[in-house]
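In the two complexes below, subunit A is the common chain; its partner is subunit B in one and subunit C in the other.
Moving on to the complex of A and B:
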């Protein structure tokens, strides 16, 4: 290349960005921990500005809100389990780079199916049979809700982010519709506790530990999902399709089949989460049953890099923040949406820090005199 | 009754029109900003905070300032949200979907938090946020609209923000299809690597498009609070309109001028259950599904039809790093 010697110097940018070849795992974790610390400090500043309280006291209130009493710890564990369940469900889809933002709708579809069984067959079927019917119905409902967008994506390449997103609202309105149909008293739009006296279709309570069954089921699912993604042939296919659909086609993987199969699994687990929420936790159904977990799970899964065991940690972090910030808002008489602000800030920091794990910034060298 | 229905459909449609125009501009740069619902909340609450503080600190409202201060606050707040999104996805290369969803959590949180706590934080003694005074300035419409019958009711009875929404959509359409800037922007969204090779500054276009898009979407929130809700903020009152705005983008096949008609149609679908005789409450809930069902049908039809000018920008949602090539 010919350089015209005009005496003008070529301006070199102040810094440029280089992809890291490989980063030692502990360095990556130090960066992540630093990011969380930075986020907590930042949240402390925000809380201080809003409440004018000593930031340390704010943190102790948060901690107390999440772990303060046995009841709170138990409620925390139950919430972590439910968020983890939805996260485990969406993980295989994301690993395949299929943007299933329809977790919310799939959970609701599953929950609606099990609520319908509880209401319709609550008096007629023996409880063991009823539970099996509910299980099948909710898993089917979740899977159907997930496979519809998958079919269109696999066959016509329809944008799955937008499709699954819209499916959420159809599910929400469907639940609203049935909530009015089944409402007690009529017209209130509230279903109320289903089978309050007979407890038909309620998940059995192990010992006197309510929710324990939920937690066990979710933990088993987490282990299975880890093994499935890491050691099974299907898990490998998911990873290949996620990395590059062209490679997958080249080595003879049927991309359509993998997409459909993975989305059925994803939706089925979401449906199961709906069952756990309706039959194992709330014993009712409403628009709020999924409580945004379908969306939060996406962030949980992403932060954990699709590893189900890390998801335990990330969902614990999110639920801790929610509980803690809710406690702050009660203690300082603020609106409870404070927790959403704190959660948002922490997620910004965590997804932001991934940059420093994958890339390094090289500054312009000092010019020689 | 028809005129009244169309007028109300337009009023429902205006926030969606702002939101979808903003999102179209954003998506044309290749950024799929799922934070739009959050940004619309922030735009709304920004205006509320501005108006509240102004009303509290002055005895007599100056008509110009009463409109200007909330407008400016709303724009600034939405701009900050747009900058956060850009910084994370463009500069730090974070995943767009995750960032967008986090923005929505964050934005809705901000809206509800300040909506619920502003009175206490500002140390004022009013029971709730009620900005009817400010709202009345926002709602000023042409004085002779009443005299023109149905024509006036449908076309002339709206406030300045509604006309601003339509003008913005037309201007956006013009800029996107008829100017060099629009061509460059579309190139960035279709194929950033080629655009980069042609000397277009990809990051600059992404930043500008997303921030301008955020500001426009935020105005939708402002319109909702100040015009539609008469200046009364209620938590979660804005509802799922943000997602509906994203649905409208698909329906309008990424063309702001089509989304003018689309927004009125969606607004109509949103309220049509009020106009159907003998419909019980549960039936109303089914009717509220309509806009989403229509969007899905449209999404499916356009993807099956594979018409080239009805597709999303080719690199929508994909990150671009020059070093990765």
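Moving on to the complex of A and C:
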């Protein structure tokens, strides 16, 4: 009763936030579109104030940098495929609310395993056998790198965020060590292109479309992951564990088993991404091979709400922004930091708009007399 | 169901857009269409278009040195802004090859790359674009690959290091004379990137320069395992200082070591360019490679339709090896004069940096050494490099190959 009395005296705020029950899909997309438009306008103002360049020119340069020539489109597609691959890999873990920030290290472990096979067996194994050995080795390496923190989490409930993060540093140092050991010329710390003349262990090229095989493999993986997460029993278990471990236990799901299994899958795909990078793209190994994709992938999966098909869009967006941003810094002789500011603003708007998709703002109605 | 259809439509829409672009946008960029065929054909300066691929951006002293050189040549030859394209932050991966392709697509007839790890990708780009000249800095493959459009270049920076070493020796002498240290305490600390010939050649020539004026000097080297790691370089310098080193120099690209020296008040000999603005009290002098003479040579040769050297070595005499102005606030008196005299002697061939009379390996003087000049993954020694009483550095290949561990220098960590 007291509550009701005081309640009357409290002034109703100008607006308040209400959770939406369900939003029609096209409304959600209109909100997203508006967010991108708003971001572009805001970026336009910022870039004009900072550089005095015409914002429309900046955008056209960005677009040109990403799509300007056939080669750039291919390079974009290749980069999207690689980011998507790592995103598809970490998606099941995140859906399970297992904070796998170790994608970077798992990719490197896979890449290091492929590179090791290429260097050690490049001369001795026939290329088909070599490729199979590399495939197994890289998948295994990625899976092992992911399952170690999973075991600790499942058994002793350790913090997986810190653990997977630390595993990244170990992987990076291991790669540094081997990059030095295998360096040519001696001591340079650079492995250089492996099997430059024999091409042993290089992924085959379809026609003259250099990255096509990578792209196809990743697209197939994306479809499989979609089906796995949405329609399989294991996918359902992942969703339940993600929502609430207690519920999962209550309905008889072995949380421990799900964590281990999911992390093995996650790590295995990361390992495969390492193979695609080392054998299908760079043909070398260095600590830069994963190029931060293990971390960017986290953003990609969250923005796409763990839906592998949406990840195609979100990774396209991020790679587009990266490529466009690099082009801006080349064309206007600006520092890379400027393009990072632009990218940051756009991503902020996009993530921010999800708030307005989940909640709506209700303004204070005129008080009834 | 409705949801699924909507998702599929969006994806299809994007896919068609992307595919449309792949097939539509790419006309007129075929790799063979360039009209810039190598030798014999002359060009005016308006036909020239230069591309530069940098590993980092202006924040790295190493890359800044290249960017400045290109800008200098651009100004000198009167090239316009759209005749020079600089791509920064290009990693040593497939991205480098894509960057080179993209520059060639944009009509560049000369493409420079600035990092050792760019080399194999530049070599691939050169094979794909035979009409474009690719010039790579500090590579080891051009003299054996012998491709008419793929070139390596470096300079006899060991001479510059030697001269900088003289400035270090003079400073040590000053400290000894003033009683600040004893002759035995004249220990130099050196922060190196890797145990790579370029680094070894650099610190050894620096040490020999110092030793030529201060005979009791010794040196400690700490490696960081990275060409650019500000924290590690700073830590290495700090560690050396606490180990009793009274003067520091470095071969790594960040401001880590100079900053540590300024903070500790320890004199520093820099590399790649002057760091006097950030370190006004401790900076003595810096050696650097000036790439402008090479870039000018390349561009002029392309204009005149002349063949380029596979492997080009710049020298003190042609202005490729330079020393910055001496900071009189930190340097010992008479440093500039001593440097100038030694530079004249080096140019005239009166003295040689790696004179075998001036160093020993394992207590012995060397009269023969086979170096790995033609790069292979077994590191096979293939060339006799000691003749006429000195080690012939950067003569059989531009990139350094001096990798001897001479007496008087202690390496503290060998992992890298």
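As a convention for this text, the second predicted complex is superposed on the first by the 351 of 369 C-alpha atoms of A that agree within 3 Å, B and C clash if a C-alpha of one lies under 4 Å from a C-alpha of the other, contacts with A are read in each partner's own complex, and residues count from 1 in each chain.
Here is the rule we use: a contact is a pair of C-beta atoms (placed from the backbone, for glycine too) under 8 Å apart; a residue touches a chain by one contact, two chains touch by 3 or more.
Here the structure is a predicted model, which is why all the values come from computation and not from measurement.
Asks: Classify the contacts of A:189 with the two partner chains as first (subunit B alone), second (subunit C alone), both, or neither.
Replies: both
Asks: State whether A:180 touches subunit B only (first), subunit C only (second), both chains, or neither.
Replies: both
Asks: Quick one: classify A:296 as touching subunit B (first), subunit C (second), both or neither.
Replies: In the superposition, A:296 touches subunit B alone.
Asks: On the A-aligned overlay, A:335 touches which partner chain: subunit B = first, subunit C = second, or both, or neither?
Replies: both
Asks: Using the superposition on chain A described above, determine whether A:214 touches subunit B (first), subunit C (second), both, or neither.
Replies: Neither subunit B nor subunit C is touched by A:214.
Asks: Once the shared chain is lined up, is A:266 touching subunit B (first), subunit C (second), both, or neither of them?
Replies: Neither subunit B nor subunit C is touched by A:266.
Asks: After superposition on the shared chain, which partner residues are touched by A:316: those of subunit B (first), subunit C (second), both, or neither?
Replies: So A:316 only meets subunit C here.
Asks: Once the shared chain is lined up, is A:352 touching subunit B (first), subunit C (second), both, or neither of them?
Replies: So A:352 only meets subunit B here.
Asks: Which partner does A:75 contact after superposing on A: first (subunit B), second (subunit C), both, neither?
Replies: Only subunit C is touched by A:75; subunit B is not.
Asks: Where on subunit A do the contacts from subunit B and from subunit C line up?
Replies: 176-177, 180, 187, 189, 333, 335-336
Asks: Which positions of subunit C touch subunit A when the two form their complex?
Replies: It comes out as residues 2-3, 6-7, 10-11, 14, 18, 21-23, 25-26, 29, 57-58, 85-89, 91-94, 98, 101-102, 105, 116-117, 119-121, 124, 140, 193-200, 225-227, 372, 375-377, 379, 403, 415-416.
Asks: Please give the residue numbers of subunit A that touch subunit B in the complex, ascending.
Replies: Within the complex, subunit A contacts subunit B at residues 17-19, 50, 99, 101, 152, 156-159, 161-163, 165-167, 169-170, 173-174, 176-181, 187, 189, 292, 295-296, 298-299, 302, 333-341, 343-345, 347-348, 351-352, 354-355, 358-359.
Asks: Where on subunit B does subunit A make contact in their complex?
Replies: Going through subunit B, the ones touching subunit A are 32, 34, 84, 87-88, 92-95, 97-99, 101-117, 120-121, 235, 240, 243, 246-247, 250, 280-283, 285-286, 288-289, 292-293, 295-296, 299-300, 303-304, 306, 312, 316-317, 321, 323-324.
Asks: Report the residues of subunit A in contact with subunit C in the complex, numbered from low to high.
Replies: Result: residues 25-26, 29, 67-75, 77, 176-177, 180, 182-190, 192-193, 196, 281-284, 286, 288-289, 291, 307, 309-310, 312-313, 316, 326, 329-330, 333, 335-336 of subunit A touch subunit C.
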